[in-house]
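For reference, the structure I am asking about is given below.
Every chain is named by a letter (A, B and C) in the order it is written, and numbering of its residues begins at 1.
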Amino acid sequence: MSHPRLTGPWLAAGVLAAAALMVTACTSQSSTTAGQRVDSGDWDSVLAQADGQTVNWYMYGGDDTLNGFIAGYVADRLAELGVTLNQVRVTDTADAVNKVLGEKQAGRSSGGSVDAIWINGENFATGVQADLWSCGWVRGLPNSRFVDFTRPAVNNDFGTPVKGCEAPWQEADSALVYDSDQLSESDVESVSSLLSWAAAHPGRFTYPALPDFTGSMAVRTILYDTVGGPDSLTDPFDEDAYTAAANRLWPRLNAIEHSLWRGGSTYPRSQAAVEKLYSDGEIDAFFTYGPGAVADQVKKGVYPDSTREAVLDGGNIGNVSFLAIPANAEHSAAALVLANILLDPETQLALYETEGIYPAIDLERTDKQTQQAFADAPRSLSVLPLSTLTQHTQPELGSDYVTRLEHDWKTNVLQQ
Amino acid sequence: MSFSSSRSVPRGLRILLLLTPALVVVAVFFVGGVSQAVAQSFGYQPFLPSSRWSADAYRSLWHDPAVRASLGLTIRVSVLSTFLAAIIGVAGALLIRRVGSRTWAHAMFQANLAVPHLVGALCMLLLLSQSGLLSRLSHATGLTSGPADFPELTQDRFGWGIIAEYVWKETAFIGVIALAALNRGVSELEDAARLLGAGAGQRFRHVTLPALLPSVSAASVLVMAFVAGSYEVPYLLGRPYPATLPVVALEYYRDVDLTARPQAMAVAVLITGVSVVLVAAYFTLTSRLVRREL
Amino acid sequence: MRRAFLGLLLAGLLLPLLPLLVWVVSGTWRYPDLLPSDLTTRGLNLLGDRRTPVLEGLLTSTVIGAAVSLVACLIGFPAGRALGLYRFRGRRVVQFLLLAPVIVPGLAVALGIQVFFVRLGLSDSVSGVVLVQLMPTVPYAATVFGAAFANLDVDYERQARTLGAGPVRTLLFVTVPLLRPAIVVAALLTFLISWSEYVMTLLIGGGQVKTLPLLLFAAIGSSDTTAAAALALLVVLPPLLLLMAAAPLLSGRSGAMVGVGRL
């Protein structure tokens, strides 16, 4: 009987591997064309197209109350029009942008897996640079008449002109959440008083590691307090102004480190981790972009009843977040319908009632009934009234500054 | 063994056909995937015409403090976890053999083995964090007065939380392997040795240990490679910086700046390299493993 | 004394699960309380709530697990036969090739091939996830079947053939029943590996294929520990039940145990 040859299985493996690689590598490339324009002008045809589609909406999934609202109210409204909602929760919006980028790189210029992204800031800017977004559809939405497009926060996203490439959805205004049993009102008056309290009670305050969105905001809040506001950091990116401001910021951040949780030797991974620390009783205060959601957490028993909020003097930071539609989205009609529903005053009211989120639409443009409903909406003790939240809102920095801050924070603070 | 059948499928061909589906899976995914990771780490970009081959990714890795710290942490965590799990697992197996109640022990080992690592990570967080159950117990007994007084066992610089989870799970794994090795007639050999006058220490060194060593070392090497390459537990129980290599790889991969991709691939290749060394060790050891297995 | 140590060890194997069980029903349980200040069924209700992705995750995980188990065993069975019954040159090499995916982290491989999955339209799909999960499972299936075939007495097959049974009948009515324990073990093992898999599902499934580990990972990072604990309970029960059901088949088979530690 002959020896079975050694090469049999070996050869098979080698040939198959080579074949596999070649087949995948030599698949003909389709050209990366610019995105298809979605025509929102003819709304009836959009509705007809959308009927029966599923919209894959990629959004930050760390807010349970919001998730419940989306899965309930928004999904139901979409279902009425024949659209199925697939809410894809991501821990970082950059993941969704990365996905679209990856698809573009792989040559998928249509039939993309991402239909809509809840987005703003540097993530939007990245997409603009890479030409990822479908543009020119926002004004065509029937409910866009409720939006005041002249507001700088609406047509400028962290310094990047929106140019009709994303539709506003909600407003965020930052606030400090704290346990009133541990901090007094005078402690939360300003950034300085907060940091003094932290120095007297080390380990009870922290912020998430950048580039987390809220961590970035915490650093920017301290930056605004250090240099007196965002006015010195104008667009386009000014290296000298940035360096001057940063050189005053890093020493302050490093100086407060031993007042922070774990002595500042490490920072929690994300805003969700920070909220977990607060809920577990390891810290007593934290910054948030979603002050309205706190009420629900107190109700569930996740946060203590003594939870309160404050706006530090020097102002808080506010921004508008948007819905963007990738140019290669498969279900762009359904995405348009989603964007339209989100701008509906009824939706904005329901969102306000559930989450305390300030509407992105201009209330003056809605009818009297709606305006009254907004004014009458019940409010929990743990949440600040909107007037307080929006009284001293400062604008965001340009996204170039933000990206640079996030990068330099790692080298100047985290890795020290 | 061959059949003297009327079918004239040559033996070599028959073996090839039987192995082909498995080899296809391995070739396409494994061989293809790893070589793609290597290629992409050198700058190859599939589907884009403008690939520039360079070793830039490796050079920047060498200078990246995150990666250097990460390599140390990864090796420390995998070696320590394996070492502790092996010692406790073998000790446990020897104890069980001595004391009896084997079915109970087996059941408990297997119940532990059934718990996925993700769930184990959650259990360790609930137990070991500064606001976890152990911390509350020490507060109740007056040892600590606040969460910050309790030692840092999760999200700590050394990696104790990560080590704890892996030791918890892998002890049962190695314990079961050790028990299986001990069940194969070792007791008879030990009895024979005792009859011939060997003391307890001598019996252990010359009979028990050699019987255990092949399978336990092979299992340990498997554990070490597994720990070095896993993501979930170090992410949940460790710090953002330094993080283990797989966490760093995924972080670079998800960077919107696509120039970080080759770096992600380079880190992945680094992990693979570390594991390949361990595979070589594994095979040297399993060649001594007892007959009836593969 | 020894009994005490043993008791401690065995208790340590399962005690860490205790806080998890308590958290499932905790309403508020802040530091430094040793027991929850109030209990709730909120966590358990979440598991059945259609508004959450939990039921979808359960279905997806089960479907993927079953599919992976089936395909991996179908592939591993013939491979195990070749490895167990035949001695041939290159056998060691094939063993090496088949076991290497067990050692080399799946993360590295998934990163490398991800862009191809996108190109082939396999990303964000259940079939893509099933395919990529074959990589860690086929080696285990092949190993288990290899050990089983090595212990198989080929005479049974030979007798069946001389009695006139064709190769298919021999396979179905002689070989498979003889290998039933190994088939159960391989199917169980591959199902459990798939059930617990996170990174590959994340990379290839792209967030759209929602399996239970994906949901659990997000829940663990959140501030709602009750929900995370409830979800963890859901994730741990099927493996516990399945493994206990198959326990008698697993004792003493170190070849099979090689796979379980990976869970």
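Quick note on the criterion: contacts are C-beta pairs under 8 Å (C-beta built on N, C-alpha and C of every residue); 3 or more make two chains touch, one makes a residue touch a chain.
None of these values were measured; they are calculated from a predicted model.
In terms of inter-chain touching, the protein chains here all touch one another pairwise.
A count of contacting C-beta pairs for B-C and for A-C identifies B-C as the more extensively joined pair. Centroid distances built from C-alpha atoms place A farthest away from chain B. Chain A and chain C have centres, each the mean of its CA atoms, that are 35 Å apart. Distance between chain B and chain C, defined via averaged C-alpha coordinates, is recorded as 16 Å. Multi-chain contact residues, meaning those touching two or more other chains, occur in chain C at positions 30-32, 86, 88, 94, 97, 115-116, 119, 221, 225. Across the assembly, chain A contributes 4-5, 8-9, 13, 24, 95, 105-107, 269, 280-282 as residues in contact with two or more other chains. Chain B has residues 2, 11-12, 15, 19, 23, 26, 32, 35-36, 46-47, 131, 147 in contact with two or more other chains. The touching residues of chain B, when paired with chain C in their complex, are 1-3, 5, 7, 11-12, 15, 17-19, 21-23, 25-26, 29-30, 32-38, 40, 46-47, 88, 92, 95-96, 98-99, 101, 104-127, 131-133, 135-137, 139-140, 147, 168-174, 176-177, 180-181, 183, 215, 219, 222-223, 225-226, 228-232, 236, 246, 249-250, 253, 264-265, 268-269, 271-272, 275-276, 278-279, 282-283, 292-294.
The touching residues of chain A, counted against chain C in their complex, run 3-10, 13, 24, 27, 56, 58, 61-62, 64, 68, 71-72, 86-91, 95-96, 99, 102-103, 105-108, 111, 113, 269-270, 272-273, 275-276, 278-282, 297, 300-302, 304.
Interface of chain A with chain B (complex): residues 1-2, 4-5, 8-9, 12-14, 16-17, 20-21, 24-25, 29, 92, 94-95, 97-98, 101, 105-107, 122-123, 126, 202-203, 209, 261-262, 265-269, 277, 280-282, 410, 414-415. Every residue of chain C that touches chain A in the complex is listed here, in rising order: 27-28, 30-32, 38, 40, 42, 51-53, 86, 88-90, 93-94, 97, 114-116, 118-121, 123-124, 206-208, 218, 221-227.
Interface of chain B with chain A (complex): residues 2, 11-13, 15-16, 19-20, 23-24, 26-28, 31-32, 35-36, 45-48, 65-66, 129-131, 147-148, 152, 155, 157, 235, 239-241, 254-256, 258.
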